[in-house]
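Alright, structures below, take your time with them.
After this come two complexes, each holding chain A, first together with chain B and then together with chain C.
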Partner chain A sequence: MVFLRTALLVLRKDVAIEVRSREILYTTLFFAVSCVLIFSFAFVREGAPPQEAAADVAAGILWIAVAFSGTLALGRTFERERYGETLKALLLAPAPRPAIYVGKLLGMVLLMTVAELVLVPMVALLFQAALFARPLLVSALLFAGTVGFAAVGTLFAAMLIRARTRDVMLPILLYPITIPVIIAGVRGTSALLTVPPDEAMATMWLGVLTSFDVVFVTLALWTFEPLMTE
Partner chain B sequence: MIVDFDRVELADVSRHFGRRRAVTRVSLAATRGDILGLLGPNGAGKSTLIGLLATLVAATSGSIRYGDRTAAAAGPDIRRGIGLLAHELHLYPELTARQNLDFFARLYGLDARAAVPAALESAGLADRADDDVSAFSRGMRQRLALERSLMHQPRLVLLDEPFTGLDDRAVTLVTDRLRRIAAAGAIVIVATHDLDLADGLVTRMAVVRDGRLIADEPSGAGLRNRYRTLVTGGGGAARA
Partner chain C sequence: MRKLFLPLTIVTAALFAYAPIAIANAPYESTMLLIQKIFYFHVPAWIAMYSALFVCGIASAIYLFKGRVEADRVAVAAGEIAVLFGLIGLVTGPLWGRKAWGVWWQWDARLTTALLLELILIAYLMVRKYGGPGSEKLAAGVALFGMVDSVFVYKSVDWWRTVHPKTSVVTSLGETAPAMMPAFALCAVAFVLLMTLLLMLRVKLAQQQATLNDMYLADEE
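And now, the complex of A and B:
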C-alpha cells in the first residue's frame, strides 16, 4: 500500500511539474514530430510512400521517433531531479526506494504515450500505414515497447544523475540494452502493416516484448536501491 | 512502523570514493537533546558524514546504529525518523511553496491539510504560499527547506550549513527553533564551518579534518579558539 501510494505521489508530482512548465512535453513532441517529418522528406515522393518495404519503413520510423524522443525525455526528467538534488529527498522518504523508481517509470511511460498519440496518426498519414486497422495489437505493441524502453532508461538515467558525462552516457548505455525492444517493436508493427496483416507474427513479438518488460522491470526493482545509494 | 531511537552512533566508519578517503575510521555518538556541531574546514568530510547518517551514502566499513537498529535492517522505518536539510535544498522550483510541502507531507504519510499551513506559517511564507519557489530568494528557500525537513518531527535532525542565505532575524529564529527541537528530545547534528553561528548553539563539537575526527568534546566557552588550535595549530583563520 505504501509502495503504491509513494509511486503514485511521485507520478502526480511529475505531472504537476509538467503541467506547470510543459517543458519536457513540448521538447519531446517537437523532436518526435521533426524526426518523422525529416524521414517523410526522404522517403515520401509525390505524396506516396516507398513501394518497396513500405511496412518496414513506416514501422522503423515510428519506433525510431519513439526511441529518440524517449531518450530526450529521460534526460530532461532526471535533470529536473538533479537540480536541487531532489532525488536524494525522494530516497530519504520512509517508503521502499523501488517505489520511487516505479513512480518515475510511470511518469516516463505517460509522457512517451502522449508523444505516441501524436506520432501514430502522423506516421499513418504520411506513410499511408494501416496503423489503425488493428488498433488493439498496435496499442499493445507500443505499450509493451514503451514500458521496456522506459524501464531500462529510467534506471540508467537515475544511475547517471551524478555523472558529469550523463548526456553522452545515457544513449551509449541505453540503446545496446534496448535493441531487443526496438527489434521486437519494429518487427511486430511491420507484421501488422503488411498485406495481409500477419497477426500471429505480431503476437509473437508482443510476447517477446512482454518477456523483456518482466525481466527488466524485475531487475530494476531489485537493483535500484543499491545502485542509488552512493 | 516508526523506529524510535535515543542515540545515533557511528563506529569506526570509513567512506572511500575510489582512491579518495572522504571519511576515515570515525567513531561518534549523539543522544537525545544534543546539538552536535560537526565542524571543520571545507572538504573535511562533514557533508559525507551527514550523507552517511542520512542513509544516502553507504559506509565502506564500520557501522551506523540508530538506537539498536541499523539502516540496512530497518530502512524506511529509520528514514521516517530522519530530517535532512542538505546544502542543496531538495525543493522543486517549478512548484509553489504549498505544492512542495504538500508533496513531502504526503510522502511522509502526514495529514497535509494540517501540516502544510503550519509549516508555511513557521517558515514565515504563508503570504507567499502560492508563489513558485523559483521566485524566492535564497533565504526564503532555505526557510522553506528547513520546514520541509522538520515537518514530520524527525528524531534525528541533520543540517548541512543551515544558515546559508539567512538574514540576522531568520538566523535567530532558526537557532531558537533548533534549541526547542533538541529540548523536545530530538538529536540535532549541524555541519557548518561558520563558528560565529555554531558558538552558543551547539552543546558539543566534533571537529573533522581530512576525513578524520580530531576532537569530540563539550562546546563550552572559547569554541573559536579551541577550533583554531585543533584545525590550524593556532596560527590560521578561525573561519575556515
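And now, the complex of A and C:
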C-alpha cells in the first residue's frame, strides 16, 4: 500500500508541476507536430500522401514522432529534477525507491499519451490512415509501446542525471535498446492500416510489446535501487 | 588463471594454424561452393561475440548488485572484445551476402539484430568513456539491459520471415552435413578460446591500470 501511495504521490507532484507551467507538455507537443511535418515533406509528393506502402509510411511516422518526442520529454523532465536538486531529495525520502521509479514512469506514460492524443488524429488526417477503424487495437499497441519505451527511458534518464554528457547519452543509449519496441509498434500498426486489416498480425506484435513491457519493467524495478545509489 | 594462459595460447595458436587446412579439406556445399567456406569463420565470430556479450552482462549484474570491482573490469574487457568479434561478423557477413544474395546488405532480421547489438555494445563503451565520474555503474545498467534486450532481438528472427539461413542450420549441421562438422567445431572452439585469451589479457590490463591509479593516489597523499 505504501508502495502504491508513494508512486501516486510522485505522479501527483509531477502532474501538479506540469499543470502549473505546461512547459514540457507544450514543447513536446510542438516538437512532435514538427516531427510529423518534416516527415510529410519527405514523403508527400504532388500534394498527396504516398500511394504505395502508405500503411508503412503512416505507421512509421507516427512511431518515430512518439519516440523522438518521448526522448525530449524524458530529458526535460529529469533536467528539471536535476536543476532543482529535487531528485536527490526524493531519493532521500523514507520511501521504497522502486515506488519513486513507478511514479516517474506513470508521469512519463501520461505525458506521452497526451502527445499521442494529438499525434494519432494528425497522422490519420494528413496521411489518410485508417487509425480509427480499429480503435481498441491501435490504442493497445500505442499504450504497450509507450510503457516499454518509457520504462527503459525513465530508468536511463534517472541514472544519467549524474553524467556530464546526459543530453547526448540518453538518445544514444535509448534508441538501440528500444528498437524492438519501434519494430513491433510500427509493424503492428502498419498491419492494421493495410486493406484489409491484418488483426492476427497486430495481435502478435501486441504480444511482443507486452512481453517486452513485462521484462523491462521488472528489470528496471530490480535495478533502480543499485543504479541510483552513489 | 595465469598458469592456464600459456597452454591456452599454444592450443589456440595450433587450432588457428590448423583451421585453414581443416576448412580446405571440408566438403564443398552443393549450391554455394567456395563461398560457403566463410561460414567457418563467420558463425564462430558471432558465437564468440554472444559469449562475450553475456560475460559482459552477467559481470555487470554482479558489479551492480554485489559492488565487486573485479566484476566491473571483466565487464569492460568483455564489452570491448564483443565489439571486436561483432565487427568481424559484420565484415564477413556482407562478403558472403554479396555472392549468395547478390547484395552487400539485406535488411533481414538477423543482420539487423547483429547491427543493433553492435550499436548497444558501442553505446556501452561510449558511456564508459564519456559518461564522466561514476559512469561504471551507468554502464553496468546499460550492459544488463543490453544483454536482456539481445534475447528479444535474437528471437525476432523467428517472428520475422527472413532470408538469412536459420539458426537451425548450425544446430542441425550434425545431421545434414556431418562432414562439415569437424572443421566447424574446430573453428568454433578456436574462436571461443581466442575470446577467452583476449579477455584474460584485457582484465589483467585493467587490473594493472587500477593498481597504477592507486599508486598515483597514494603518492599524492
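Note that the second predicted complex is superposed on the first by the 227 of 230 C-alpha atoms of A that agree within 3 Å, B and C clash if a C-alpha of one lies under 4 Å from a C-alpha of the other, contacts with A are read in each partner's own complex, and residues count from 1 in each chain.
In this text, a contact is a pair of C-beta atoms (placed from the backbone, for glycine too) under 8 Å apart; a residue touches a chain by one contact, two chains touch by 3 or more.
Since the structure is predicted, the reported quantities are computational estimates derived from the model, not experimental observations.
Novice: Check the residue A:Leu9 against both partner chains and state whether it touches chain B (first), chain C (second), both, or neither.
Specialist: Only chain B; A:Leu9 stays clear of chain C.
Novice: Quick one: is A:Ile17 in contact with chain B, with chain C, with both, or with neither? Answer first, second, both or neither.
Specialist: In the superposed model, A:Ile17 contacts chain B only, not chain C.
Novice: Once the shared chain is lined up, is A:Leu125 touching chain B (first), chain C (second), both, or neither of them?
Specialist: In the superposed model, A:Leu125 contacts neither chain B nor chain C.
Novice: Just checking: does A:Lys88 make contact with chain B only, chain C only, both, or neither of them? Give me first, second, both or neither.
Specialist: In the superposition, A:Lys88 contacts chain B only.
Novice: Once the structures are superposed on A, label A:Leu219 by its partner contacts, choosing first (chain B), second (chain C), both or neither.
Specialist: In the superposed model, A:Leu219 contacts chain C only, not chain B.
Novice: Same chain A residues contacting chain B and chain C, which ones?
Specialist: The overlap between the chain B and chain C interfaces on chain A comprises residues 230.
Novice: What residues on chain A touch chain B, complex-wise?
Specialist: So the residues of chain A in touch with chain B come to 2, 5-6, 9, 13, 16-17, 20-21, 80, 83-86, 88-97, 225, 229-230.
Novice: For chain C, which residues count as touching chain A in their complex?
Specialist: That would be residues 64-65, 116, 119-120, 123, 126-127, 130-135, 137-138, 140-142, 144-146, 148-149, 152-153, 156, 159 of chain C.
Novice: Enumerate the contact residues on chain B facing chain A in the complex.
Specialist: It is residues 17, 51, 54-58, 75-77, 79-80, 82, 84, 86, 88-95, 99, 103-104, 106-109, 132, 148 of chain B that touch chain A.
Novice: What does chain A use to touch chain C in their complex?
Specialist: 152, 155-156, 159-160, 162-165, 169, 172-173, 176-177, 179-180, 183, 204, 208, 212, 215-216, 219, 223, 226-227, 230
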